[in-house]
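Both complexes shown next keep subunit A, but they swap its partner, so subunit B is in the first and subunit C is in the second.
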Partner chain A sequence: MKETISRMKRLGIVMLFAVASLALPVQGQGAKLQLNNLEKLSHKASEVVDVTLDGPMLQFASKFLDDKDEDEVKAKALLKGLEGVYVKSFEFDKDDEYSAEDVEAIRAQLNGPGWSKMVEARSKRSHEIDEVFVMKAGDKIGGIAVLVADARELTVVNIVGTIDPNQIRELADHFEPNHEQSKHKKDKEHKGEKD
Partner chain B sequence: MKKTSVLLCAVVLLAVNSGFAGDKTFDNVVHHIESHYHAHRTAGFLMGFAGLTVKFWHPAGVKNLKMALFDDRQFLKAEEDTQFDDVVRSALDEGWQPVVHTHSLRSGDHTYIYAHPEGKEMKLLMVVLDPGDAVVMQVRINTDQLSKFVKDHERHGYQYHDRQEHREQEEDEGL
Partner chain C sequence: MHFSEDDLRAALSHQDPSPDFTQRVMASIGQASERRRKAADARFASLVPPAMLRWAAAGVAACLLLGTGWFDFRHTEGERAKEQAMLALRVTNAKLNHVFVRAGLQHTGPAEEENSKIRKEHL
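Now for the complex of A and B:
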């Protein structure tokens, strides 16, 4: 009897670890999409853009942000939570150079656990489908995926990592055109008022 | 005197190349461009001198620089060169991580940027090929020093902008 209980306990612990290891990828690596199936399109596309910014590159980029600047500190905090930014974009000279299976392979991942579709825009005229997917991680975002597909273009943007929705708004402000100059002007005016 | 010059040149070349010993990708890409397109490097001596200067001076945290420029206008048929992509991608075997790859059939441009983080340092490999010219560059940078350099010059930029604005204001008032 004791042996059975101890076996059950061990089985319970193993099950717990198994469930935990399954749950972990949903929070971190799970947000990273497998886009290798798109590699073959490089040879058919007339324009290809492939960007891979992962941990070390993002940390490298964050070094250029000033610790004394309020906005840049916020941007740095956002970058700290990011694990990777991946972009694959293909433009074709002819229609239907990529197959429906190529897109479905990505969409299947986005239909997996953790992901939920936030935006879908379809145009019958241009045969364009724009979709935005978000992976939730508690009250924060664990990953974002943007899929844009039309007859002559296929673009996938995948952002992996913990993102606070409020930080996105702040970052959007940060990258607003002339943000730096106007901020510098404001700082100067503020300094003048003090003097 | 001649012997001394030759020896000096050899030492300089060795010093420039030693910074990237073991990095075959740069050499492979340059060799491919030279052999496949029969292109010749331009400003080779100048690039060597720049590499040497960087090796001892480290401007903006750049610790090593290797650069090959080709300006032969012989790359018009680059789209037919199916090996080029494989040669550059062989960088992956040496631990390089792809950062950016763009290619355009319309303009004939190819751009590859690979990175290799090494603690506080980062090695970057950039390959740009367009129908008119080609550039292959490899640098090793100290990321802290580079970011300090960028921030300092950003500040100088604003100071210059302020001075310019002040001068324009004075001119307006004078009119």
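Now for the complex of A and C:
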């Protein structure tokens, strides 16, 4: 009898560990959004940014980041804890090229368990709705989703993986789109001063 | 047998070598080294047949080509992945800034003004 109880206890512990080990990746995976429904917008859009980088590809990419470049060093630190980065951004020449259902399909996922809305900005005048959602993982954040939708633009950014809340601030402060250009401009100006 | 002192002196007296002595010695050395080389070649050929040797050389060349090609491919892929990662971070930055500014959580900075429309890459 005693032996059966101890065997059951052992089995219980093993099952607990198995469930815990399964739950960890599921938490990370839970932050990944299904964005396949947006793919049909590619041919309608005049400008498209489509980035799909999963864990191994991100780690592979981080090996090629330059340790001497300030931005790339920061990017490396950021990418370290990430399991995936997915960006789908469409810009249209005409209004209403995407449907409300396209956005709702994304928002429905973000209204699911784990996600909470961090920021929202709505404008009836410009028909723009901007939202930032986060998925909490203890003290840290297990995922971020940014949804920017206006009459001529639809952008969804989905970052999956552990990210420190301070890193969001970092993310917002660095990696400006024209950072490279402004860097070149500064270099040129500096050169001009020298000449 | 008895040797007289004169016999010994005659036997041990200095004698010049024949004129072709050097030539004969050199020829015999050459022949010996040739024989050794042939024997070594024969031993190697018995161990590794010439056809196998050709295949091995072709294999090494193919491996080198494949290795170089694979290295180039991985490097290109890595650079592409890096560009994609940096682009993703830049778009995220631009969009986060945009939302934070619109939500009144952040003042409009020059970066936001300049980058109100993010750089897009045609696919």
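The rule is short, and it goes like this: the second predicted complex is superposed on the first by the 124 of 195 C-alpha atoms of A that agree within 3 Å, B and C clash if a C-alpha of one lies under 4 Å from a C-alpha of the other, contacts with A are read in each partner's own complex, and residues count from 1 in each chain.
Please note the rule applied: contacts are C-beta pairs under 8 Å (C-beta built on N, C-alpha and C of every residue); 3 or more make two chains touch, one makes a residue touch a chain.
These numbers come from a predicted model, not from an experiment.
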Partner chain in contact with A:Val103 - subunit B first, subunit C second, else both or neither: neither
First (subunit B), second (subunit C), both or neither touched by A:Ala75: second
Chain touching more of subunit A, residue-wise (subunit B, subunit C): C
Subunit B versus subunit C as contact partner of A:Asp130, first or second or both or neither: second
Partner chain(s) touched by A:Val160 [first = subunit B, second = subunit C, both, neither]: neither
Contacts of A:Leu33 with subunit B and subunit C, given as first, second, both or neither: neither
Partner chain(s) touched by A:Val85 [first = subunit B, second = subunit C, both, neither]: second
Partner chain(s) touched by A:Asp54 [first = subunit B, second = subunit C, both, neither]: first
Partner chain(s) touched by A:Ser42 [first = subunit B, second = subunit C, both, neither]: both
Touching both subunit C and subunit B, counted on subunit A across the two superposed complexes: 42, 47-51, 53, 57, 60, 63-64
In the complex, subunit A residues that touch subunit B: 42, 45-54, 56-57, 60, 63-64, 66, 93, 181, 184, 188
Residue numbers on subunit B that touch subunit A, as the complex places them: 97-106, 115, 117, 122, 143-144, 146-147, 150-151, 158, 161-162
For the subunit A and subunit C complex, residues of the former touching the latter: 42, 47-51, 53, 57-58, 60-65, 71-72, 75, 78-79, 85-87, 89, 91, 119-121, 123, 128, 130-132, 144, 146, 148, 155, 157, 159, 168, 171-179, 182
Residue numbers on subunit C that touch subunit A, as the complex places them: 77-79, 81-82, 84-100, 102-103, 105-106, 111, 114-115, 118-123
